[in-house]
Structure formats: structure tokens, C-alpha cells
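Each of the next two complexes has subunit A plus one other chain: subunit B in the first, subunit C in the second.
Right, the complex of A and B next:
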């Protein structure tokens, strides 16, 4: 080992075309402010060109570099080697299929974004002219803390219920749905709420709060999910009462 | 109008193994609270009948009360977040409720002599 060096232990394999899971260790000499991503590129260019991992922006904007550092999901590009100890274990995210070594397949995660209808469906008014939400409006205040998601998948990897139920929509998709359900410029609000309010949607969340602990953007998807649960419960209660009143009404 | 999906790898999603100690060590406090709450329920199911049959076993009283408080405090945490306490502050809520639970346990223990003969 290099003096003052760090051992990087990388989980490899576990992919369809490379099923044998194994750990490989590399000794590196850390530079000041070296990130986990810097270490990986150093290993790839100097020690082992076959090592597979993914990144794009290198500055915490794209979310493609997510992996597990000593068991916890983090962005490789924003995690300093310093302070991680003399031995650092790097593994791919859990709850995703492994493509190669540290790079995972985001397809199931992105498919769930579509299942939660993670795109705006503007009302007629919003489609024909820009409609402003003032910064201090109730809607804006509700939506703002949940808007910055870059779909890195960290919350999804941290989520115990996503591990338990492969069909669970997961924190990121539900967080996105919440921002749209709150937005009066979106026409699909009620429908979207009904679609995410099932056993593989909001009701699958068991309040473990791992998403909230893990999100590097400081988003709390659990807060969004709890708010969706309250909205779904309120709308359920409303239709229940309406059905009783409808049943009591003469001829109903 | 859906996201374009790329080619899908045929391997199933990786899941943490129960026996992976590093996965347990990486667990966040909120997750520990959840696990402990589930476990305390299971242990209570086993111990509570013994307590009902003979309520004068001091150590059993102490253990059952500790488990009830643990289970209850963490249940309260979930109920509070369900009714609007912001989940982003769940960790603070966890520590406050845990401290409250410990205080209740000792209050009952010493002032009410609930586990007389045990402590």
C-alpha cells in the first residue's frame, strides 16, 4: 500500500453478461480534495482500464454517478475520499439491475416516472398563455422544496420498500407526482392522485424515511408522500360521505 | 408521452442481502427506528401473555414497559408525520420522542415503584 494511501474496494460483476460477483481492491494515493469519482478515473486510467462506472457532469448536476460508498448511496462526484477511512468500499446502487460493475440500469426507475405521469399536462389556460405562480403563493411554497430532483436514483436505492416490492413507484416518482398534484396549472391532478394512490404507490411507503436521509439535493420525498397520502385520504373520505348522502337521498 | 426507455439489462435488480453486515451498518436512524418498532412488537407478542398471567415479575414488568414505550414512541412518530409533521425533520422528532420515552420509563420506575425489587 502507498504511504498515506487508501484502499478502494470495488464490487464487480453481478451483471447479465458478467454474473460472478467479486470484490477487487486497488491502492491509490489520494490527492487533496480528491472525490470518489476522481479515484475511479485514476484507477481506470492507471490501474485497470476494464473497470466500469458512469458519470457525465462531474459537478453534481446530472445524477448519473450515483453508487454506494461504504454502504450508503451517494454521488461519486460530490463525495470526498478524505474522511471515508483507509478502506473505501464502492458498490453499485441496490434495487437496480447492474449493467456493468458500478453502472446500473436506470430503466425500471424511469419507467416508474412514466407510471406516475411525471410530466406536466397543462390546463387550457396554461397551454395558451404563460400562467405565473407567485413566489409566495401557497402552491409555490408547497412545490418548491420538491422541485430540484435530478433523478439520480439515490433515494430509490436507499428505500427499503423499493427493495421489498419491485413494483413500488418509489420516492422520486411520487415526489414528482406531488409537485404536479399541487400545481393548479396541471390538468391531470385528480387523475394522477388516483393513479398513485394504490398498494404499489403511496400506500406502500412505510415511513422509513431513508429517501429523506439519503437525497443529496436535500429533498424529502417522504414529506411529499405523506402529503399525497393526506390528499388521497381526504378525497376518499369525501366520496365516501357523498355516497352515503347519495344513498339517503330519495330515489338515490 | 412517456420517457424513452433504454435497452434493459436482463439481470434482476440487485437487493441487499440480509447477511451483509455492511448494509446493516449503513442503515440510517429512521430505518433503525422502523426495524426496532417491528421487532418490539414481535417480542411483546411473546412476553405479554406471561406478564398477564403473573404481573408481579419485576424484570418482566420492566421489559414489557420498555418495549411498549419503544413501540409507542415510534408509532407516535409515524402518526405525527402522517398528520403533517414535516418528514424532513423526522430525525429530530425521533430523538425527542426517544428522550421522552426514556424519561417516562424512569419516571414510572422510580416514582411509581413499578419495578420494585428489580432496580
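Right, the complex of A and C next:
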């Protein structure tokens, strides 16, 4: 633990009603096992009530406290101050509009989940009763490592392609699409595969694995995207061919 | 202020909250009548606010051969020390199989399976059968994710970061509710939503205790609004404390969040600061697998009597179960401990009892109707189902089952009914009162000449509730506590937040602490009325239970005054000590 105190540099502004971006510094007295979230609540309640940030569950289940800590997207609630150095820089996630300081608008990210049809569309059999399915079945072995995503947006903030192409569906949406495509209980497999195989979908991913490296849940969206690419290629769907042509078109 | 103080928006069904109750209510209302204009308003982010998201262990439901809804019912009322509204408890257990089925068949959830492919059910404390359905040790994530997706798929509109601040009655005195005033946390603007049916699904959340397991934006908003509107409440003295909240240090955010019940279920040990398995002194037969109320109180006693750890907690130790076993079965718990520098699989971890759940709430009937027409309640905002103590695994069952019930009832009630207008005086007063908590001329929390803050008031409230209206109570402390709550209420009424209206967290905290104080007072008053020990309500000065005349404590507001009433428990299905036989055939997936 740092003996003399920790400097917290917070990126402020960048919002529609507070556009001027600036960094503000606060000195806090660290305590053992203090997290970034503890630092923020201490600043907000003791030093600067105007600071904007967001949290709910405070234990890594809601994901709403996601931000960048020294440049790296993380959950504030599960990141200990200890080990971050004597100066800690906190900034909002990138690729999201800022609402106030560290609190961002998740709407564009969630809209992409919708574009990827990130919801179950049960088959007739799955809609009639819970399906008997072994946990060791091939599909569950594929799905389970990807299913516990909490859509905190950390992968999307880490994604270079999301910054480059604002229409890129992004790692979380494609990860969810993968779990559905693998699921024999879901009826929309082929159509969903076509949706995510467009020019702003799976083929945009350059397999940098930044999403995988950043995910606090240990999920690998990049692996899911690779698997979707294989399926799309194997399917030989018309939409896939069209997407390749579209994706390679000049300026496309 | 220029322009109107608030906008008006009309809808058929207004749902306040997007936890288990709110999500399932919206889905059920839509399925019943897709033409309805349904509106969801949530204080935080959609599907990510509140406690359903935080459910770990799972969902109690009788599914297996050998189990029955009757068994589930008997376990529920025994745990509830016979104070349950038995009709509500029956609704819970008999509708849970249908609800868990729809979570899979309609929403695409996939709960853990046994090797034979059937839904796996694990052991939870206080139950006669292994009936807890789960998804690993983070069940709430699967549940809220999958239902939220279906709400999005159906295009049901959601307002995020909009908190309800006041329930709006129709003009006149019949008490009918016709919507709620919403405050947009982002902009600071107000919208009066005029609705045919309004559902309180904001969650309870005893966040006004020093250690609390709940999502921290919860401030008993729904109950406080309902109280102000004149709703009748029951069982408010019954607050559940969970035995094992993680303890990293007093006042640190993650402190009080849960290490799940299943750790004790599989054989975890609880140790005091001396390394003794102290449950031997409290329940030598069941040890750590005793009911939540007893285990939590035992831990509290160890700490209070000086046998705690250095940080004022006790230890949970699962290392003897084998590191691989623990890592495989409790991955979520192991991961969160690791982030904090603890090795759950290999060494004891410090924990504390932590305020977890309110069994009490708005009195509802089996259609989730409150005492006010047009106003429904489901989930933790409603009381009565659990009696004096809730079984682990019955919480998420309760919110989802009654969410569905409320959704269907509201759809039936709203379809074809006329929309009645709301009382404009109440709406205007609501806006004025909220704005009164804001001092736009100062940048800081405190208004000029004042040195108080909502954080200071809340810290005092948390300490007071923990010490005097917590796990071990007595008449003198309760009476003193009630007086201190009144003083805190006066402080809260004076405190102001500085700054502007938009995304002003300090302002929201002022509104929060006022609601918390309102509900804390209901707990104190109800606890004073119960002159015995029962379930979660334990009095050192009256440790015995009085079995001859069981009653529920009701509290209502009449002419501005709190009126307390004892009403005899109605044993509509089984009398204390009795049994109801299971049906000959196991009833699976009934509605």
C-alpha cells in the first residue's frame, strides 16, 4: 500500500451539456483492500459531489461501473487501488457517448445487440418444454464458456475495430450471437448467421484478441467470432458471398 | 422556473423496476395483450439495477419425482415460523414450476443440467428436498439477461435512469392510483406518467444497515412512495440477515456482498476468531446448515461478544472440501475473492452477517393488488409470502412468480378500462418537494450555513439500524432507535444538494436517504409491536416465541398518523404443527 496517499486523476466533461474535456485530480488516503469504486464514492461524498459515475451491485454482477483505469477498461468495483501506482487515471469507456464524466450511454452498444438478434427465438420443441441436454453435449461445451457475459461494455471499449467502424457489431453482440447459433434450441440460426455476417459483422474482426484480453469474466469473444466465421464460410450462404463482395468493395 | 414543471405521458401499464418482478410483469402483460401500451421505468440501467441480477444460489421449485409443491409449501411456512400469508405462499410454490419452465421455453434461459440432461437441483438450507435450480453460482445473470432480451425483442419501451418519486392518485379521496411522477436522473426533468395500472417492482433492499448485501442504488423507493400514498403494510419487523457477507473493511463498497449460501450447503465451516466452529453452541445438529436467521444471529453474537476476527467478522472456511471442487462449483465466488486478494479455495475468508432481504412490504392479495386500487406490487416491495423468514432460493422465485401474476392481472385490468386522470396538486407538490432537496446556487452538497450531507445522515442511519434494530433487539433499544430515526428524519428534511439538476448524484442521495428513513421507521414501529422472538425478529428481552396466538403486524397511515394493528394469522391451508399431504402424482410444470 502506498504510504503517503494516492492521486486519482479523473477525466471529466465530454458530455453534451459539459463538453470541455479536462482531468481533475483528487488526493485520497488509501485503505487496505480499497477498490477504485471506493475511491470514487469517497471523492463524490467527501471531496466533490459533482463527480458523475455509475454503479449498482458493487461486486461484478451488473457491470455498470465499467471504466478505464490507467487506460485499461475494468470494473471499478473489483479493481484494487493497491498495485495501480501512486497516480491512477480514471476515464470513461471509449466508443460510448459520455453522459456525465465517467458514466456513459450504453444505448448504441445495446442497439448492436439487437442488430445481432441477441435474443432467443425458441424452436417449437424448445418452446414446449425445457430440453433435456447433457452438460457434456457438444453444444453446451461450446456455449458455456461464452454465456455468462454481463454486457458491461469492456470488450467494446477495448476493441480497435469498434473505434474504427462505428457500425461494427462488436465483440459482445457477436459473442451472444455465437451462443445462439450453437444452441439447438434456437430457431433463428441461419438468419442470425446472415445478420452477423454482413460488412459490419464478423468479417470486420481482425482477431486482435483485445476483447478477450480485457474481459473480466474470462470470456473470449474473439474465439466466438472465429467460430462464427468458420460457420458462415461453411454455410456458403448467399448472404455470406454478398457480404464478402460488399466488404471488399472500395470504400466499403 | 420557466415552462411547465413536468411533462405528461400516458400509458396502460406502468412498471417501476426491471428486476425479476418488473421484467416478468412486462413480459406477462405483453403476452396477455400485445396491444397494451406498457412502459418500464428503472432507476438504474435496464436489467442491471436491483438484486435479481445478484442472485447467486438459485431458484426453489418442486420439479423432481419425490418432491411436490406441498413439500415446498410446508418448507416455506415452517421457515416462515407460521406467519406466512398461506395463500400467497401457495401461489409461490404452485406457480414456480410454470414460471421456471417459461424462463427456458419463452426466454431461452438454460439452467444447469444433471448428467442425465434434466434440470439440476441443488441442496439449500432449511429444505426437505434438493430443489434449487441454478446456473452455476451466478444464477441471476442468466435470468435477467435472458428475460431482458425478450423485452427488447418485443420492443417494450424502457426509460433508464428514471426513478419514481411519488405515486399519483386520482382526484378525490378513493385512493385509486393513476401513475407516478418520474424524475429523469440524467436531465433532472420530471414526467408524470398517467397509467391505468401501476406496478411497484422497485425491490426492497435494506441498504440502511451498516452491512448490506443489496444493490446500492436501492433505497426502498417503492415502499416509501407506497407509504406516503397510504398503502397498508405487513410484517415490516421481519428483516433477513444473511450469515456470510464478505468483509474487506468497514465502509468499503464490496463489504456486505454475499458469499453464497451453497458454500455452507456443501459443508463449509464457520469459524470465529479463535478458530472454533461456533455453530456447535447454537445448533449442534444442523451446524452451518441451520436456517439463515439462526446462523446469522450466531455470527453476530460471536462478534459482539469479542470472539470475532480482527476486522470484526468471522471466517468461512471451505478449504477442506478440496481446492478443485471449490473452484469448479463456486467459480464466481472464487473469482471475486481472488480479485480482492483472498484464496477462497485454499484458506478461510473473513465474513460478516449482512442485511439481505425484507420479508415485509406492501400487503397484497393473490393478484398482487395492494390496498389501493390501480396499484400492484410484486417482488420485495410486497410482503406476506415469506412470513418471519425467507428460505434461500425463494426470493427470486417470489419476484418472478408474482411478477408474472401482476403482469397478467394488470393486462386484464387495463384492457378496455378508461384512463383516469391524476390529481394535479399531488403532482405539483411532488416536483416542488424534490426540487426542494436541491440548492442550485451552491456547487457543493451543503447549503450555506449547513454542515450536513446525505452521506452523513445515511451513515448515522446505518449504524443506528445495525446496533438497535438489527439482528438482536430489545425494547429499550427499539424505543430509543425510533426516536433517533425521527431526529435523522429532521436532518434529512433539511439537507440539500448543491449543483444543477442533471446527473446530480448528491441530489439523488438526498432523495434516497429520505426514503430509507421512511421505511426504517416502519421497521422500528413494527418491531416494537412484536413482543416475542420469532424468525428473523429476535429480542434479547423476550427470547421466547408465543405460540398461543400468532399474529401479523400491520401498519397503515390514517389521517397522517401511523396506525399499528395486530391481525391473527389466517391458517387458510394448514394449522401450525399440521401437514398437507402431497398429491399422489408429482405435479410438474403446472401453471
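A few notes on this one:
Going forward, the second predicted complex is superposed on the first by the 233 of 252 C-alpha atoms of A that agree within 3 Å, B and C clash if a C-alpha of one lies under 4 Å from a C-alpha of the other, contacts with A are read in each partner's own complex, and residues count from 1 in each chain.
Basically, a residue touches a chain if its C-beta (ideal position, glycine included) is under 8 Å from a C-beta of that chain, and two chains touch if they have at least 3 such contacts.
The model shown is predicted, which means the values in this text are computed figures rather than measured ones.
Contacts of A:209 after superposition: subunit B is touched, whereas subunit C is not reached. Between subunit B and subunit C, C touches the greater number of residues of subunit A. Once chain A of one complex is fitted onto chain A of the other, the partner contacts of A:92 are limited to subunit B, with no touch recorded for subunit C. With both structures placed on the common chain, the touch criterion links A:52 to subunit C but leaves subunit B unconnected.
Of the two partner chains, subunit B and subunit C are each touched by A:119. Contacts of A:9 after superposition on the shared chain: neither subunit B nor subunit C is touched.
Contact with subunit C, but none with subunit B, is seen for A:132 once the two complexes are overlaid on the shared chain. Of the two partner chains, subunit C is the only one that A:62 touches; subunit B does not reach it. The contact surfaces that subunit B and subunit C form on subunit A in the two complexes overlap at residues 99, 106, 110, 113-114, 118-119.
Put simply, subunit A touches subunit B in their complex at residues 14-16, 19, 68, 70-72, 89, 92-99, 104-108, 110-111, 113-114, 118-119, 145, 158, 160, 163, 166, 206-210, 212-214, 220, 222-223, 225-226, 229-230. Remark: subunit B residues 1-3, 5-16, 22-23, 25-26, 28-31, 34, 77-78, 81-84, 86-88, 90-91 touch subunit A in the complex. Remark: subunit A residues 17, 31-35, 37-38, 41, 44-46, 49-64, 77-80, 99-100, 103, 106, 110, 113-114, 118-122, 126-137, 140, 143, 147-151, 180, 183, 185-186, 218 touch subunit C in the complex. Interface residues of subunit C facing subunit A in the complex, by the touch rule stated above, are 44-45, 48-50, 53-54, 101, 104-108, 110-119, 136, 138, 140-142, 145-146, 149-150, 152-153, 186, 215-217, 246, 248-249, 252-254, 257, 335-336, 339-341, 443-445, 453, 455, 497-499, 502-506, 589.
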